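The same subunit A turns up in both complexes below, where it pairs with subunit B and then with subunit C.
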Partner chain A sequence: MSPDAGEVVRCEAVAMSFGNVRALAGIDFHVDAGECVGLVGHNGAGKSTLMHILAGTLPPTCGGIAVGGTAQPAYGVAAAHRLGIRCVFQELSLCPNLTVAENARVFHRTLRGFGWRRRAGALILKQLDTIFPDHKIQPGATVSDLSIGRRQMVEVARAFTVTDAPLRLVILDEPTSSLDAHTAGQLLSFVRRFVAGGGSCILISHLLNEILHHCDRVVVLRDGRIVAADQARAFTRDRLVAAMGAEAATARPTRVKVRQAGEIRVLARAEKNDGAKPVTARAGEIIGLAGLAGHGQTKFLLDVFAASEHPADGLKVTAPVALVAGDRQSDGVFPFWSIAENIGIRSLNRLKRGIFLSPEMEAEHAESWRRRIGIRAQDVHANILWLSGGNQQKVLFARALGSDAAIVLMDDPMRGVDVATKLEVYDMIHAEAAKGRTFIWYTTELEELGHCDHVYVFRNGRIVADLHHDELSEEKVIQSSFQEQRPA
Partner chain B sequence: MERLLGKPWIWSFAGAAVVFGVTIAFTGGRGAGGMLSATLSLAVFTVIVGVAQMFVITLGPGNVDLSLPANIGLASAIAMKVMAGDDAMVPVGIAAAIAGGVAIGLANYLLIRALRIPPIIATLSASFIIQSIDISYGRGLQIKPPPGFADLTSLQVGGVSVLAVVTLIFTIGAGVVLSRTIYGRSVLAIGQNPRAAWLAGVPVERIRCLTYILAGALGGLNGALLAGYFRGASIDIGNEYLLASIAVVVIGGTSVSGGRANVPGLWGAALFLVFLQVMLNTFGTDAGPRLVLTGLVIIAVIVAAGARRKFGGARRPATDRQALEAADAHSGTS
Partner chain C sequence: MSFASVVPSPGSLAQGRRLLRTALPAISLVLILAGIAWMNPRAISYLGFNLMLNLAIPIALATIAQMFVITINDLDLSIGFFVSFVGCVTAVWLADQPELGIAMLLGGILIYAAVGALVYVFDLPSIVVTLGMSFVWQGLAIMVLPKPGGHASEWLHRLMTFHTPFVPFPVIAALVIAGVVHVGLMRSSYGAILRGAGGNAAAISRAGWSLLKAKIVAFALAGFFGVLSGLSLIGLTTAGDPNIGAGYTLLSIAGVILGGGEFVGGRVSPVGAVVGALTLALASSSLLSFMRIPPDWQVGANGAILIIVLAARALISRREA
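Let's look at the complex of A and B:
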């Protein structure tokens, strides 16, 4: 099919306000059949809001939506599904208490009658096999038992399954944020195959290379408006960043380390003497945990966290610990609370006047971090759910960095955080490390490992490589991640 | 006005006012003053157990203390036996009743924690054990409360129960504990998401233990006061508080799934429940229909309050709902 096969969706003068916060200020946007449109912008620029409107989950304050050239006055989730528009949300939408197959069934009403569970399982499994050939996900597995990366894979695969309704456009809102480089590559090449077959995609990502290399057209959002739109090949990384409105933020050279090794803060010895390497983290060090997603990195962080409360065998932790959650919905955010309360919870001991907590001190503490880390909110007393995903993540950073913890554990914490903020956070991490803080940093983004003094690569819950900053390279990390395929 | 309507507790007070108004209209205004002061005196006991239940329910899905009625029954017996009709022994008797409650709270927690029994089962089975102890301990117990203590529990100044004033101060204190202490914040955090609370450094199990002990202690205190007010202990003196303690929490605007508590609402809801009983008594309703009506009214109020909370106010629908569901679902499975 040629790219001119027609228009899939068009929205005209779409605007959206939440209370007095204006998320979108009148946007014209369209997607043609057989193209992949990249959507970029800073946290809170309005990307997710626009996607919610296209997916039918949010009715716009004003403006119209047309699908396939026909205006849709009563547009909603059901209409979107009927017309073949699917969305993979950044805040994953799977039911955690159901199995993978049951979640697939939720999407497809026609899977009914005897044996629906088996058919739903076969459907989702086939799609998983197509997109992520070596996924190792069982259709009978309960979603809450899957790592966030695997949940994201299921969510993506489910959006591409077809039964009765057509499939024309799939919106991918940061689909690779929890995926390691290998899996993300599988997804992106699948997207290209899908688009080549006449389907359409909208890809939202903060990883600009993904956008530049896999999209046909790029649209840049800033403060609820479209500020640039052009063919992807007309953009360079710098032009994109400039359009997004950041000060010329080029990748800074990774640090040159000249520091004394401090005292040992975390020492983890392998439980069994099976050749696995021990982990050492000293004061002032930034330790990276690498490898494919879901190979034991998060579990290691949780073990360290638990060991800071109750001594454990083979794991010595000698200083207070704070954790920056990556899976913010289940591990981080308190949904009833304000931004200030969400930041303050880890530092309550220092926010007291006499025996009582002081709301003023709490607000001051939050306000200073709001400014330091650039949380986009007028007021720290606003509910945290009013923030976009990336800004919620900044709140979790503020909670940990603002605490008394000498060890900060980070569980792939940059999910949904935009480029400019990432650079600021990197600087903050280096500055804090220079002051003697220890960071243990699990990341699915290979680039971020360049910030680490030392990288441990995980495979199947074991540490298979131990790389110093000087000997670190992408190839080495990837090679050790896959070592199982050849005799070790 | 808009802000006032947004407060979840306003509805329980509105309900109480309506029921009171209907009753007064029925009697043609006679006995309004007496009815008010009697209701206030009785509401005190519901408020005290309500505070206990509120802290427990705020811990999150599944947390509830069903042993409060049995606890109250046993505590009433302990208090009367220790006081033995002697005014000098009143503080000791109250302390003993509270100590009994603390022991029950600790036992509840140990059942939940060590044997990993869901709180609803653990506290219910604990209440059978407590009742058995009460039966053997309080057998043939016919001890009257010390006269000074009995008078104190029903003492009124200008038609206002002194106990009600003290309880009002106590509930204000409970509100302060909830919002302005580390303990209270921890309870609210655990109720929203126990895993996130743990990862934010909240000592989850210690707080849960403290909360069940607190609920037990308040149950014990309530038992002693009830025995004074009703002039003697009885094994079923606390029975009506099984439903009442949960109903006042829910009607008062506390989130049943935890993480959000509402202290003022407890008062509105307790007054509402007692007024309801008074109204049905005034109408001369029989015991059977009275229970049916009470049940129906409670259901109606909860539905009305729930609908208000669901549709009221501007929110960010998609993300808000999703995040809450995710938090709920998660805390439900862990």
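Let's look at the complex of A and C:
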């Protein structure tokens, strides 16, 4: 690997430690102009750390960074921006209280003086039009009013806007995790156009097909080291999974179950709007909610949740409910609490001695779930933020499964979770369903619907398809999701 | 804002909600005015507004000061005694030794900026730091002017009691304050950064902006408007008192919240804050006097009105959400 003129960025022997934990163990990594590099690995493999180092937000413990063949001894956020290296972080970095245009301003120091709002709005709108032609986002809209998918679109588009500084490399960390299949496709095809025009991308994704189909080169990280690096053509899904150190994802056939005649736990009758289908969920069933992101699936889950406490019109819920949040940072974890407290919060009534909460019982409860669910933590008293994203999500599962809830609602809970964790969670869901629990599972990943006994497809807040497990196919789901796309 | 799209998208619904939220402070002001008009129609006149709203101007300025601090997710518990301190300096020195007076006021703004830096650098809770500072300002005010006295500069008194044609001076002053701050915070390019620092500080710092500078700027602006508040107050009362601004801390916080601001998240509105301050000033003095509530009970009634108005806002906001 000799440095050539077309090299955008090169790291040499870059290592990073957080206290005693070594996140990166001295890796060499480079990106050339006009290529898209896929970066894959478990949660905790060091992908995010490497990305933060490249973006200049974390100074490496040791090692050197060169941009365009020139060593950068004082590399930081400002230098990265000046040299044309941008990053779309997994946790959104938009200001929710500002408008779309104002967020573009935050990114570009030159957007100032008279008329900056108009220029910022035009800049971001043009880029949104280029990447997501039918985005329907207005530059004057406040970000907090946008759905999470639209926010992600704004964030991605913003990273590709150009004013004074050049644009050479865009790092995309799980850019499609909150996008539906349609917009994700738009983004990935834009990435190919961008790369064809001489730009470079680093694509981090847990969706291996995205990596295999849209990257030129793939780098696999494991435990802070590069364990495989090759042309994307040379990889197959199985080889990638093997390199990451997980069991093959496709090895296990999807379980087929018969719809049981268990008691009805949730019954949502057809709403007033015509043609909407009723939803039934029985004991022991796994019910899938599908469709494009943001078409009413989350709202349905929240309605069910609310109906379990206060009776609602047309919605009958007959058992206690627990919710596994998908947006774990804002709806899931209590960031200042320990792992044990985060697990116990849904079960406080069972963890009391007399009228007081018993820390011993709470720790015991958490410890038993830590072992059952395989949360990678030394101590349940540690702060939850010490865990990687996938393990934080496991804590949220433990909170729901450890409670008395007979109905578990899941709001696209696998966002940004690594393959191995997903497989463990799937097994757990099947095991719990076999014991009679009901799962209502909203997912944006079509593969996951294969785990469901019954799938309802949402479109514009209504259910447009009602599919049994044996009549389920990706084509049918996609077809229904895009139903009425163009009104006649 | 546009409602152009035919299908009501979530965006336009949210915009409608925001419109309602923005109109709330104005609605509460109109309600209070209607109450006053009903009890005493003669108060709704040029002279009436001049009398009723005069003391609202210092409150509005203190509210704007508080709003800058709330913009960046902090809270200033020292603004009331800072206004007292400014008032005492103004009454004692500004008329007779203007250089010394101006230097002390500028020093006050610098200390405010330093408090902002302190809060950021040591990651201290602003409530604790400004609570401490409130005792510092109170102490300084008492040292400057141990008992009520002093006198206002002639120009200051003239300015504050100026009789503008047709529209009462306090109304014009309120419009100017709201307009200038609105342009500065909501329309300027650095204003967006300041509000962004309250909305998502990590995003602002990742984009290469200095959060230290944002804190310093916000606190310095709070100090600046605190100085204006103290000056205008002495222009009206013509004498200083170390406890003159004691009630301003809570009034300013209530004004910001009543005006549609939120404690965290960089969601503030300068126009709303000024309207909120006017509403509180009217509700707390004029309305109560017209209702013939004895002075002994006015402070308590004042608090009750505050609770009712803020509770109404909270209820309406919740229904929107």
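FYI, the second predicted complex is superposed on the first by the 471 of 488 C-alpha atoms of A that agree within 3 Å, B and C clash if a C-alpha of one lies under 4 Å from a C-alpha of the other, contacts with A are read in each partner's own complex, and residues count from 1 in each chain.
Assume a residue touches a chain if its C-beta (ideal position, glycine included) is under 8 Å from a C-beta of that chain, and two chains touch if they have at least 3 such contacts.
Just so it is clear, the model here is predicted, and its values are computed rather than measured.
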{"item": "Subunit A as common anchor, with subunit B and subunit C clashing or fitting", "value": "clash"}
{"item": "Contacts of A:N349 with subunit B and subunit C, given as first, second, both or neither", "value": "first"}
{"item": "Partner chain(s) touched by A:F336 [first = subunit B, second = subunit C, both, neither]", "value": "first"}
{"item": "First, second, both or neither for A:W386, with subunit B first and subunit C second", "value": "first"}
{"item": "Touched partner set for A:T57, first subunit B, second subunit C, both or neither", "value": "both"}
{"item": "Touched partner set for A:P96, first subunit B, second subunit C, both or neither", "value": "both"}
{"item": "Touched partner set for A:F305, first subunit B, second subunit C, both or neither", "value": "first"}
{"item": "Touching partner for A:S147 - first (subunit B), second (subunit C), both, neither", "value": "second"}
{"item": "Partner chain(s) touched by A:F107 [first = subunit B, second = subunit C, both, neither]", "value": "second"}
{"item": "Partner chain in contact with A:A322 - subunit B first, subunit C second, else both or neither", "value": "first"}
{"item": "Offending stretch of subunit B which, after superposing on A, collides with subunit C (from 117-125, 171-179 or 261-269)", "value": "117-125"}
{"item": "Subunit B and subunit C footprints on subunit A, overlapping residues", "value": "57, 89, 93, 95-97"}
{"item": "For the subunit A and subunit C complex, residues of the former touching the latter", "value": "55, 57, 77-78, 81, 89, 93-98, 102-103, 105-107, 109, 111-113, 116-117, 136-138, 140-142, 145-147"}
{"item": "Contact footprint of subunit A on subunit C as seen in their complex", "value": "1-2, 5, 9-11, 14-15, 18, 187, 189-190, 192-193, 195-196, 198-200, 202-209, 265-267"}
{"item": "Residues of subunit B touching subunit A in the complex", "value": "176, 179-182, 185, 188-189, 192-193, 195-197, 199-203, 255, 259-260, 314-320, 322-324, 326-327, 329-330, 332-333"}
{"item": "Subunit A - residues contacting subunit B, complex", "value": "18-19, 48, 52, 57-58, 89, 91, 93, 95-97, 144, 305, 309, 322-323, 325, 329-337, 341, 345-346, 348-349, 352, 355-357, 359, 385-386, 399, 403"}
